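One chain, subunit A, appears in both complexes that follow, with subunit B as partner in the first and subunit C in the second.
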Partner chain A sequence: MNLLKKDNFQRDVFLGLLVWFMLIIFYYILPDPGIHDIIQKVFILGLFAMSLNILIGYLGLIAFGHAAFFASGAYTLGLFLQSDFVLNLAGFSIPVAIVLAVLVSSILATLIGVICIRLKDIYFSFLTLAFQMLIYSIILALVNITGGDQGLMGGFPKPPFLGIDLGKPFDFYAFTIFISIITIVLLRQLIESPFGYGLRMIRDNSERPAALGFNNQKHKLIAFIIAGSIAGLAGSLQALLDVGAYPEWAFWSKSAEPLFMILLGGMHSFLGPLMGALIFEILNDFVTANTRYYGLVLGLVILCFVLGLKKGLLDWLLIKLNRK
Partner chain B sequence: MLKIDKLSKSFGGILATDNVSLELKPNSINALIGPNGAGKTTLFNLITGKIDIDEGQIFIDNTNITNLKESEITHLGIARAFQITNIFSTLSVQDSIKVALLAKQHGLNNMWNRFKAHSINKEAESIAKLSGLTKSYNTISSALSHGDQKLLDIALALALKPKVLLLDEPTAGMGPEERWKMIDRIQKLWKKTKMTVLFIEHDMDIVFDIAQNIYVLQQGAIIAEGTPKEIKSNKKVIKAYLGGGKK
Partner chain C sequence: MKKLNKYSRRDILKTSASTASVFALSTGFPTILKAENNIKIGVPTILSGRVAQLGISVSNALNMAVDNFNKSGGLDGRNIELIIRDSRAKPDEAARVCRNFINSDKVDAIINAEASGASFAVQEVIRESGTLCLHTVSETTSLTADPSIRTWNAFRFSRQGIHDAVGSAEYAAKLVKEKGLKKWMSIGPDYAYGRDSTKTFFDMLQKFAPGVEIVGQGWPKLFQPDYTEVITQIVREKPDAIYSCLWGGDLVSFVNQAILYDTFKNSELFAINLADYTTMSAIKNLPKGLHSATRYVAAWPNTQDNRDYDKAYTDLYGDHPTNWSWETSIAIDYLINALKETGSTDNKKLAEALKGKTRKSFMGVGEGNSVTIRNNDQTLVDYSIGWGTTIPNDPFVKDIQSVDWNTIKELEKEWLINKGWL
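Presenting the complex of A and B:
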C-alpha cells in the first residue's frame, strides 16, 4: 500500500486500473443497460469536458468552440470506417481510425490555435466560436461526403480487433472506459508536470513570464493542441457509440455542454469536469424521462450551483473536506 | 556591464526617455532617482525589451541587445522586479520560485516529471533563503503580506541568476522600519551574488546610504550622475529635485 501514498504516475495508473476493474465488476452486479449507457457516456463527455478544462481551468482561456474538435474526431472516425481502407486493414481498422481521428483533430487544433492563441479574453472566445461555426458550415456544405444535415448516413462496420468486438455492449463498455481512464491518467501527468505549472503561471499572470525568459504563446499553443486532440478522441468514441456523426456535434450548443459540466463539477479540481459530466448525464436521463422542460431544469440546477455553492460540486466538496 | 547609448522613447507627444546614455560598472550598486513621471520605469521597460525602443542602443557585456525580445534579453542576463508587484497569485512561494528557475532552464516544457518532486527543490529553497522568504515558503502568494510579495517579486528575478538586476521601487508602499529591512536585504544580496544592481528609489536617505553611483532623471533626460557626495552638492539636482522636497 506504499504505492498509494506517493502522488506519482505509478499511483495514478494503479488507481485508474482499479477504478476500471470496479466498473467492470459493477457491470455484472448491475446488469442494467441503461446504467451502463450512462456510465460510458459520462466518461466520453467527461473526457470532452476535461480537455476543455485544460484551457479554462489551468490556462484561464475560455474557449467557446471546443466542439469543432469533438466533431472532427467523430467525422474522421466515421468517414474512415465507411471507406474501403477497412477492407484491407480489417482487424486494425478501429485502432487506426481512432488514432487518425486524434491526429486530424490535433492538426485542426494547430491551425485554429495558431490564430486564436494570439488573442485574449473575449476576443479569443469569439474567434474560437467563429472557427467552430465555420467547421459546422463546412460539414453542412459537403453533403456528398458528410451527409449534410442528415449526418453520416448508413452506419459503418466495427471490425473486431485483438478479440474486442465493439458491437457487443460489454466490449464497448470496457473498451471506452479503459481508453478514457488511460487518457485521464496521462492528462493528470501533464497537469502535474512542469508543463502544467507553466499553464498555471500563464493563467495567474500572463505578463510576468516573458520577464522570466518564457514564451507564453508556444506553451498556450501546445496546450490548445492537446485539448483539441483529447476532444477529438472523445468525439471518435461518441461516433463509435452512436455508429454515426451529426452536424449538431459541431454546433455552438455542443461547445456549451462541456462548459456546463465544468461549471457543475468545478474547474479547480482535476476531476471536477468528470463529476460535472456525471451530474449532466444523470440530469439528462432522469429529467428527459419525466419532463419536456430539460433546458429549464438544467438552467435552474446550474443557477443553484453558481448562486448557492458559488463553485462546482467537486471544488466545493474538496474545500469542505480540507477545512475539517 | 550594462551600457546604454543615446536611448530615446516617446509616447505620443511626450518624450519619456530623452537621449539617455549610461554605463554600469560590473558588480556595482546604482540608484536611479527622479520625480514621478520622470521616465524611470520606462527606462527599465526599454532595457528589458518590454517596450520597443525608438532610438539608441543597449549592450550587455558588449552584446547588442537592442530590439531583442523581452524573453531573449532575460536569457542574456537581465532580470527585473516590478514597481507594482507582479507575481503568480495562486502559486505558493516555493512553486513560484520553481517555475522561475525552470523557465530559465527551458524546463517548463517537460511533461514527464512531477513538478512537486522535481530535483530543483533544493535550489528553490536557497533562493527563498536568500530573499528572506523561508518562513512563508509554503504560503500562497496572494496571502503574503505586501512586504513579502515585494520580496517574492525580487526572488523571481534572483532565480534567473542575472548579471544585472533592475529593482523598480523595491520599498514602495512600506513603512520606515520595513523599508530599511528591505534595503538591508538588497545590500546583502548584492554583496553575496556579485550582481550589478540598478534600483529606483524615492527615499533620498536610502539612496545616499547604499548607492555607489546615482543617476538623476528628469523629464526623460539624465540631468546629473555621480557619487552620493557629488549628487548632494550638484546645483542642478538641488534646484530641480532635492530643493523642491525641502520646501
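Presenting the complex of A and C:
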C-alpha cells in the first residue's frame, strides 16, 4: 500500500484509530474531567469548522449561516429523545436520533442550498445568513415545540446502546471522539477524491470546469449538503453533551465561531479548522477563567494570526515544514 | 532584500506569542485546583455586554457576605472561595463553565446567577452531576414550578414571574376601580419572559377587575433602541393605562422617549421592573407618578434591617444594591447557615438543611420579617413585594403598598393547577 498517497483510506483509518486509542490512554493518564471536556468540545467544534471549511476552503464560498444546520441537528436530536419514541426504541434511541439529526440537517441544507448556490460572493453569504435568521425566528416562534428563547428544557434520557452508556463520562468521551474521527476520515476521502478536486477547480476558476463539462451547480449543492449534514452531526453531539438545545445555536454569532476557528487554524490544510477549534477552546477556557475581556483577547489573538502569520497556524506550520 | 535590523517584526511577534503561551500554560490553563481546603462556590454569571451590571451586583453581594464569613473564622477555619466566571449570557457557555466548576475546580456548590435561558442549561448540568445549586436571578416560573424541570438539588432564591403577576394585578385592580382605568395597552420585550409576564398579568387583572379591555399590545425586540412605533400607537389609542415588563436599558429608553410625547399625562404607566436604582437613575428627569413594583429600594420594606443592608452595600461599593443583589445576598446567607448547621459540604445534607427553612431577612415579610424556602418546590416565598409611585428624588418611590402573600399563594396554586403542574 502506498502510504504517501493522499487518499489512502487504510492509512487514514489506521491513523484515526491510533489517535483515538492514544486519546483513550490520555484519558486515564490525565484523569482531569476539565481537560476531557475541552477535548470533546474540540472534536465537536472541529467537525463544525471542518464542515464549513468544505465551503470556504475548498469551494471558495463564505457561508454566514452555517449555524442553522448545527442548531437543526441539535434540536432534532433533543426533540426526538424527549419524545415517546424513546420508550419504543429504547437501546436504539441515540443512534436513531443521531441519524435523524444528520438527515434533517441534510434535508434543510438541500432546501437552502438549492436557492443559495445560484448566487456567489457576498450575495451567497448574505442569503445563507438570511436563511439562518429565518430558522432562528422559527425556533423562537415555536415555543410549544422548541421552548422558544429558553431552549429545550427538562433534559432528555440517554438510554444505553450496544453497551455504551453516554451518561458515563468515559463512554461519552470515547464515543464523541470516535464518531468525530470516523467523520473526519470519511471527509478526507471526499476531499481527496475527484469530487474534492472538482470543488477546488470551481473555487479557482469556475468557468474552466464548466467548459470541461462539469456541472458546477450540482457539485456546489452536494458540497453544501455534505457541509450541512456534518454541521448537523456536530450539533447533535453538542446537544448530547449539554443535554439541551438553545436558540443561540442558530443565531448569527454562532456562525462566526467556526469562521474564527478556520482563521486560527488555517483554511488550506485539511486539519486546519480542527487545530483552530483546539486554539479556540484553549483560549476560551483560559480567558474566561482569568479575565472578563473575552472579546478583546480573542480579537487580539486573531489580529496576531492575521497580521503576524498571515494565515492559520497549521497552514503556517506546514509551509515552514515543506520549506525545510 | 537584506534585513537592516537584527530582529524582524515577525520574530518579535513569534517571541511574544511563545512568551504568552508559556505564561498562559503556567498560570491559567487548565483551570485546576488552587486551594484544597477552601469551600469552593462556583458562580456562572454575566460580566460583559449590556447586562454586565447583573454580574457586578451579584459579585458585590457575594463578596460582602463571604468576606464577613471568612473574617469570622469560616467553617472550622475553612474559608469560602468564590470562583466567578462570565458566560457572556450564552447557554452552552454557561453549561461549559458550570461543568468546569464541577469537574476541574471541584466546587462544593454552584450559585447560578444567569438569566433564564442559561439557567435552564445550568439546571441540566447540575441535574446530571447532583451538585447543589442556588438560582439567584432567573424569574421564569417554570424553572422550579414545572415538575419535569425541577430537581432535588436546585433551589430558587430569586423572585418569580407568577408572584409578581399576582402582586401587580392586585395593585392595578385597586386603581382600576378607583380611577376607572378600563382601557389598557401593554409593551413588553418580544421573548418568552415578556409574553409570559404580560399574559399572566392580564389573566390575573381580569380576575381582580373583570371588564378591563386590552386595546393594543407592543412587542419591541429585546435591546431595541427605538420605541417610537409603540409610543405613537399609545398616543393614537389613548389607553387609560399601560402595563410594561420592559427592563434595564430597554425600559430606560422607552420611558425617556415616551416623556417626549407626554405619554404619561394621559396614560398611567405600570412598569413592573422600574423601581431598581440602576434603572431609575438612568432615566433623565424621572417623572412623578409612574407605578412600579419595588425591585429593590432602600425605602421598602420600610425596616431598619433593609436600610442597614443598603448602607453597608453602598459604603462598600459606592452604589446601591439591585434586585439581583438582594436575591444573591439571601441565597449566600442561606448557604452559609446550612454550612454551619450541618458542619459539612455534603450536598445532600445541605439540601436537607435548605428545604423548608425559614430565616429572618431584611427582605422578609413573613412572620418576624422572615423569608422561606418552600418545601415542595424549593423556591423562595414571603419576600417583599411592594407597589408604589415614582418621585424624581430619593427615595424615588412613595406611597408603597404591600402585596398580600396569602392572595399570591392562593392564586399561584390555582394557576399551577391550571397548568397541570400541581
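Assume the second predicted complex is superposed on the first by the 317 of 324 C-alpha atoms of A that agree within 3 Å, B and C clash if a C-alpha of one lies under 4 Å from a C-alpha of the other, contacts with A are read in each partner's own complex, and residues count from 1 in each chain.
What we mean here is this: a contact is a pair of C-beta atoms (placed from the backbone, for glycine too) under 8 Å apart; a residue touches a chain by one contact, two chains touch by 3 or more.
The model shown is predicted, which means the values in this text are computed figures rather than measured ones.
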item: Contacts of A:219 with subunit B and subunit C, given as first, second, both or neither; value: first
item: Partner chain(s) touched by A:190 [first = subunit B, second = subunit C, both, neither]; value: first
item: Partner chain in contact with A:8 - subunit B first, subunit C second, else both or neither; value: first
item: Which superposed partner A:210 touches (first subunit B, second subunit C, both, neither); value: first
item: Which of subunit B and subunit C A:246 touches, first, second, both or neither; value: second
item: Which superposed partner A:151 touches (first subunit B, second subunit C, both, neither); value: second
item: A:201 touches, of subunit B and subunit C: first, second, both or neither?; value: first
item: Which of subunit B and subunit C A:122 touches, first, second, both or neither; value: neither
item: First, second, both or neither for A:32, with subunit B first and subunit C second; value: second
item: Comparing the two partners subunit B and subunit C, which touches a greater set of residues in subunit A; value: C
item: Common ground on subunit A, meaning residues reached by subunit C in one complex and by subunit B in the other; value: none
item: Subunit A-facing residues of subunit B, complex; value: 48, 50, 69-72, 74-75, 79-80, 82, 86-91, 95, 98-100, 102-104, 107-118, 156-157, 159-160
item: For the subunit A and subunit C complex, residues of the former touching the latter; value: 32-38, 41, 140, 143, 147-151, 153-155, 167, 238, 242-244, 246-249, 282, 284-286, 288-290, 292-295, 304, 307-308
item: Residues of subunit C that touch subunit A when the two form their complex; value: 10, 13-14, 16-17, 24, 27-32, 47-48, 52, 85-88, 90-93, 95-97, 99-100, 102-105, 116-117, 120-121, 123-125, 127-128, 140, 142, 146, 148-149, 191-192
item: Complex contacts: residues of subunit A adjacent to subunit B; value: 7-9, 189-190, 192-198, 200-201, 203-205, 207-215, 219
